[in-house]
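Two complexes, one shared chain (subunit A), two partners (subunit B, subunit C).
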Partner chain A sequence: MTDRHDYHVNGPLPETPDNDATAGAWPKTTVIGSRRSRVDAYERVSGTAVYPHDVSLPGMLHGAILRCPHAHAKVLSIDTTAAEKMAGVHAVITRATPGTDIPWYERGGTFSSTLFDATCRYAGEEVAAVAAETPLQAADAVRAIEVTYEVLPFVIDDAEALAPGAPAVHDGGNMVGEPRLRERGDLAAGFGEADAVVERTYRTECQIHAPMEPHGSVARWDGNRLTVWDSTQGVFPVQETLARVFALPMSNIRVIGHYMGGGFGAKLETGKYTVMAAIMARMTARPVKIFLPREDCFTATGNRPANTMTIKIGARSDGTLTAIDYHSLGAAGAYAYGADTSSLAVYLYRCPNLRAEDVTVYTNAGKARPMRAPGFPQGAWALEQAMNELAAKVGIDPIAFRLQNLATELQSDPPMPYTSYQLAACLENGAAAFGWQEAAERRVTEGDIRRGVGAAACFWGYAGGPPSTVVVKLFADGSANLNLGASDIGTGTKTWAAMIVAEELGVPVDRIQVENADTATGQYATPSGGSKTVPSDSPAVLAAAAAVKRQLLGFAAEQLEVEPGDLEIRDGEVVSRSDGEKHLAVTAVEMLGRRGLIMGTGYRDPNPEGSVTFPCAAQFCEVEVDTRTGEIRILRFLGAHDSGRVLNRLTFDNQVFGGMAMGIGLGVTEERVLDRRTGRMVNANFHDYKVPTILDVADSHACLAIDVPDEAFNSTGTKGLGEPATIPTAAAIANAVADALGIRVTAAPLTPRAILEAVGSQGKEA
Partner chain B sequence: MLPKFSYARPDTLRAALALLDERNARIHGGGTDLLGCLRDRVFAADTVVSLGAIAELRGVAATADGGLRLGAMTPIVEIADSGLVAERYGALADAARVVASPQLRNQGTIAGNLCQKPRCWYYRGDFHCLRKGGELCYAYDGENRFHCIFGGDMCYIVHPSDTAPALAALGAVCRVTGPSATRSVPVAALHVPPSVDPHRETVLETDEVITDIILPAPPAGLRSSYRKVRARASWDFALAGVALALVFDGDVVTSARVFLSGAAPIPWRAAGVEAAVTGRKLDPEIIAAAAGASVAGAEPLAGNNYKIELFKGLVAEQLEAMAQS
Partner chain C sequence: MAKKKPIKDAAESGVTRRGFLGSVGAGAAAVAAGVSTRAEAIPEITDPEEMVQIALTVNGRLHRLLVEPRWTLLFVLRERLGITGTKAGCERGECGSCSVLIDDLPRYACLTLALEAEGTEITTIEGLLDGEELGDVQRAFAEHDAFQCGYCTPGQIVAAEGLLRANPAPTDHEIRHGMSGNLCRCGTYQHIVNAVTHAADGRRKGGGS
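For the complex of A and B:
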């Protein structure tokens, strides 16, 4: 099997034969870069879009899952007798059911668990599942299953997990792998050169993905062929997992994910619920639908781990950074993905002397999973607050201090150039557009209501690449079909893809049908995650459109008796550049009519060698803090983003605003709360788990696009946006709050409680 | 998922009362709290009796003596939007406007708001806590950042209503009808502290219905307000709230009723604040003394000590605002 990462394939890839190198070298664009409503906006808002949650098949059964209520327990026995006898129940499966001994949770080539593990390692782990005629019958039957547990000691605190004698989540201790250590230069010498040093410990809490559509699937067998409708970020890995689990050829497995209601990283992996639905569908010879209740989405589908980060950072009096010592501890829950946060500390600023260590521990809690820029918002929370504190100590404006120390190449060994990296523009142009100086002059540091400004910068350490294959078909009437494998996870993938075809072929966007995310009828794409769908798939879309264009112009050239290179497409016509008399409506190209359609296939070219590509950003905000009540009001936010060429300005802006909202959640309102006595999550609902509302986001927000195509990176000049949109947000708020209060609140979220405790302790010190 | 129950939607109060006489019947007002409790198995119901078809239970109307009658089934939004309420009873208008979210204000009723079940995450969650008939309060030694600083006794919930402290401060009275009699219960005496009975939230019997809430005519010189601090700017209960109903003669406070939300298992009468301001002008020293008095005797838990400073700050802020209004 190929060595697969969540977002990409490792190792060399085949050459991409047909791609036209001149494609996309648009002298000016008419569609790309404009503001376009989504091509499926009507379907989404009118309710005609069929999400997996909407799928309802004749004879379909509904599944429910029994979960362990204990943070750590051994399953001694399961009695399903009563459940099986209940009205409407067709299947009950447990670890005793043949065919359920399926290895699960792969890490480094080995599996650490099974579909129904005999040991439950967090409150919420799967113990049994039921399929019944109605969702209510299934839920009732699940409650009628009697399980005897041997309750085991548990650990939910990251620091306690490493203490001697701590309960072991897995055999072999609670450390996940080896700590990741990255070093360069001479740390002691670096601090020796420093005139100013700050050192502080920062903390972020566990954040839940909480997508609008719950996790779930519908599974239907037809003989030994399985069709699954799944709310997933990538249909192809689900197909691959199901083929492995059921020992069937991939051609027997079809996974469909035309629409899906959000994932943020939690839907990158195949769900146990998908396999359970398929097992019970086969047992009952009826389709089975399992969608998780909201509580289970909170407890059992992943999270951004809590992190404790200690950073010591030094600079000379002229503002030059000399040393960074960074340590991060992350609680990965029961089945680790990783909780590293150090990448920004390692690479964002030029610093010759560095030591960065990431430690990840197992705990008896819901599992960490990639969540919108894994590790980066946490790392920014620590690094970007420390940078502000150090800037103040050396007496330099925090924006100027960042500009002075920006790394302009990747500090690897040997160093690597960036293809295009407009972080200085993000900071400078962003500060100007935000009105940084004016806002700083409005600062209020006395009285009950304080006011402050803050900023933070970031890059995102991934930009996509091959593989991606796309097919475009031009029909005889000049309309087109676009087929790509990528899931549109709410980011507008289908829309920008249609816009590229429209730009290249001159077909209006509303005459392009977009098909996507179907393993049976679609082309291969990696899952939509890692901010890489645009930079990975847009060049393949462009190449496919260009392949169509080349064929079309070839046919037209013969008909018009000119060279193909002399032709271009303009307003639905093929026109000779040299002879205005020679032109032909696209629909009048005879060979197009005779063949019925022209089909073009596009592949994603390899990334350039010897360079690295990162999108980057700076965000700015102005806040008011009520020192008597601890309330924070976010007055303004501006995000200045370099993601290469902007394809759709409307969804670009919206992505930035959505990222800010999620960052406000991390920084101000959201945290998973576990009961220390039982290890259970107490706030597994939308009331107690406080995702920001429209009243919690900034009163006004703005997006500044640093719209510079990264031509050295790919044919569309694009980089990703989804993740950088949320990386610096929480840190920018923390800096603004510190600016207003004159004290640094180091632990997120900045709730009224956190602010009042910080203000109160300051009062006592004074 | 939901327990099995029969559902009735009578169109007269008499019919509703007869149905409520049945075993384990529950009143369905707006349903925003009831359905959640049933789904989360906080309690079960054999019969659910909707009051939605009884027209006489709805509406906001002036009374002959210059007061106001609120039908028990009046949606919160109608109170929030009522010109009569805003003009005469600022505290109630303020409170109604900050209840939950727009959707919940459209659906939830005023009497339902008074009769809410606690929002404690142990009570609502899969914990067999004292209030649900278990042995202990999980919050006492557990995650108690949102819990009470006053009035905790075996159970440490806070009462979730915003309108209750406002109505209590304004001297509102519930009219309650049971199978054989009608009685009046002041909102300030509606709720039951855990020291009296940790298994009930109100003095109402299961076969009694709140039909109306009567606000007395506002005395000359009345100024009232409600303000709530929450962890999220909408769709959230109070970390701390204060309802003020002060009667002024010139700039001297001649009488005061002050109730706190987010402080105690019931809307908490801040008698110390009332005493500190009565007969006084709201000058800075008096306000500081009143703010301090708001938390005198508080017994914070491990996670909610911040509420001490929060209530002091909030009471001071609101008294200052009232002095300037």
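For the complex of A and C:
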């Protein structure tokens, strides 16, 4: 019973005629673009914010889940007798429990599975669950459940999964669908024209989302009404899935996600744990809380798949790209989301002759899930290293080489224009702000401590769209309430939404109450993912504020006896543009007082047709490499980002730096390690799986916002940021390390060991 | 680069995450010594669910309660006292989300048994408030946007508070080492450095609490 994952819809929408096309055409802004601390900063720094993990209800039980220790096994029998008799235990559920035969992961025609499947396809798959008075009692009871498994052969390696005779993860082979093939031009002719060609195989390892709040839910029934507090990126898909699972109307399901402690894509699907908590809550007539132990978050909640990418790329001696041949293989685990990486290779640079193939395979390992720009950081790791190597071969500066070859329209058939695409500015202005030339001249290629610079560019292939509905209410005292459906996953959603209302209505940000992420009391939004919350929902916020403004000015116009079009709101007053004598405090608008409030509803307009919208970025870094220890020290990082109009410059910077931190993880520190003999993840903890600490990021991080509103795309001129912030980071580091060492390390992460091996082999290769 | 040297004196500026587990020697001993324990006074326990009466001083208020010997301070704070500002992130001493001050030093509440914490002054994120008013470090984190999802933030702020109590004028290097026991997956480290620097400046100028 997986979710319907619609980030946005195509086709006609019943848009309200109220959407005001002139809204947001601000001649200048006073709130938008400024640096605002968050509207919920108090709650988040005081400890008063109630995260789902903090929810504690009277009579609440605590759940725990038993997971399969084998990479591939059939569940032959489960004995829960001992567990059921243990102190404090109220419920034990397994696949034998009525009501648990719920379809879960499936792939049309290939396979289907259930909540507790008879076959476990990775070490960590769910086998049983317990609810008990305390978390420790639940954990004790889980350990007392006896399961007999028939252990099956397994495969965890992506290349081995395709070998003849490899163990089948599912019936029907290990290939996930058909390879995705994209071609244009004549590849052989393209390479024939090339004066320089480079070809290498690159590798990125499996990265885990690892948000700081573990995955989990609290479920409470009141008769046949279910309330769930969930650490999720989107409450509405959870509501819809639970309604289907329990065959109840959606109106009987309320999902609340006011606060949540990070997701990065891992909390975009309804958890099995949520359903288990709800099942056991119903059985026991007690609220049930299940939050996963950290180890389970590592093994069972998704990951960025490992990828092996081979790229062959050619250019003429004048630097013009002539051909790209790209092949990607990804291991998507037992229940695939997909492991494609080729989009950057296909579209980032103008290249008439191209072949790009993505192959995804099933393996007996934790499943791939969308993780912060799925496929793109891996693709950048390959493409952007290859671009540097090719630039060196044709003797052109890597920034100039990129600028020379930037695609300025989408190379589809037929080509499509970009609405606004400031990647050249990202590269040029970013290089200037970074001091690219000066940094390159500081290069040190001899001695123990080497120093180098690197850059990488990207776009992110998604910009959102409808649906989104937002309501703004203006109270009689001139303060306001803003209600939107979107989850604030740490990206400052509530704050920029309030800033838009403040800009349009003139209500100070601190007089705006924000409600969000509640299926019962909130408006509708798609989940917060894909860097699309700002570009999808901000136009709806603006339209709602504009709808309030239009009514307010209409009432004021009658009172002042002027045309509504002559009025504007300035510092809490409705003022006539033509006659300065005619003005009125907002709170003195009689009809506002009489009615009690003015309410405006805003909808997200459809995206324009015949064009495509991508945010884009270039990042630059300077590193030191210690050739004695293999350690990389990142001296500084600069991200130059085109995400359209900047709403909140403070949170914009923060997003960029955060994306870089995650990219540093992919490039330098993070790697899921599976034991080849057992298929189990051996570093499912924060000690052995190295999420970057404050000592691992750059000594200084800087952000250059290009800040050109994309007015052709939506009414706020905005595009997304969270994902482009992490796409080029790892590749930029790899380029800087290659610049320092004079040798290219093709496999991430660039651990001290990998660096030392590369340095050790340097003499031999030359 | 992933693994930096543990700080040289844990008692001075707190615990580094990796240093803590990485140095099962002098460093770990210093950590243990930092918590005044009543190990001698604990009777031999045969049943893990047998309750022991203890008294904990949390944010200046004394709580008398019965605990199982295996209960961590984190569990007692969150599940028995309802003090949920202290977050559970890994429950094995690796992420720092559960950081509290024990006698002014940042400690992982998930690695401290409630029993061990008796007789100490425990300060959680809530204890840094003055009534409803934010403390200076909390204010600095708010103003500098030194968080995103906010889940690790109480631990980060407590770690910063502990650092500044031990070292009112930390260098950039000392701030980074002092804060290195607390993971932030949103990656807000640059803003955390900005916030802690600002809080330290403010406190030196007499504006702090």
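Here is the rule we go by: the second predicted complex is superposed on the first by the 749 of 766 C-alpha atoms of A that agree within 3 Å, B and C clash if a C-alpha of one lies under 4 Å from a C-alpha of the other, contacts with A are read in each partner's own complex, and residues count from 1 in each chain.
The criterion applied here is as follows: a contact is a pair of C-beta atoms (placed from the backbone, for glycine too) under 8 Å apart; a residue touches a chain by one contact, two chains touch by 3 or more.
Treat the numbers as computed from the prediction; the structure is a model and nothing was measured.
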**Asked** When the two structures are overlaid on chain A, which partner does A:700 contact: first (subunit B), second (subunit C), both, or neither?
**Response** second
**Prompt:** So, does A:285 touch the first partner subunit B, the second partner subunit C, both, or neither?
**Reply:** neither
**Request:** Using the touch definition from the top, say if A:690 reaches subunit B (first), subunit C (second), both or neither.
**Result:** both
**Prompt:** Can A:247 be said to touch subunit B (first), subunit C (second), both, or neither?
**Reply:** neither
**Request:** Determine, under the contact definition given at the top, whether A:69 touches first (subunit B), second (subunit C), both, or neither.
**Result:** first
**Prompt:** Who does A:673 touch here: subunit B (first), subunit C (second), both, or neither?
**Reply:** first
**Item:** First (subunit B), second (subunit C), both or neither touched by A:448
**Value:** first
**Request:** Figure out whether A:262 sits in contact with subunit B (first) or subunit C (second), or with both, or with neither.
**Result:** second
**Message:** With both structures fitted on chain A, tell me whether subunit B or subunit C touches more of subunit A's residues.
**Reply:** C
**Request:** Pick one for A:757: touches subunit B only (first), subunit C only (second), both, or neither.
**Result:** first
**Complete:** Check: subunit A residues flagged as touching subunit B and also subunit C 135-136, 631, 669, 685, 687, 690, 692-696, 751-752
**Fill in**
Given the complex, residues on subunit B that touch subunit A span 1-2, 101, 119, 121-122, 124-127, 138, 141-143, 145, 229, 231-236, 239-240, 304-306, 309-310, 312-314, 316-317
**Prompt:** For subunit A, which residues count as touching subunit C in their complex?
**Reply:** 37-38, 40-51, 53-54, 56, 87, 134-136, 209-214, 259-262, 264, 291, 293-294, 489-492, 631-634, 650-651, 653-655, 657-662, 668-669, 685-687, 690-697, 700-701, 751-752
**Message:** Residue numbers of subunit A touching subunit B in their complex, please.
**Reply:** 69, 135-136, 139-140, 448, 626-631, 669, 673-678, 680, 682-685, 687-688, 690, 692-696, 751-753, 756-757, 759-760
**Complete:** subunit C contacts subunit A in the complex at 1-4, 17-18, 21, 49, 68, 70-71, 75, 78-79, 82, 84-92, 94-95, 97, 124-126, 129, 134, 138-139, 141-145, 147-154, 157, 176-177, 179-180, 182-193
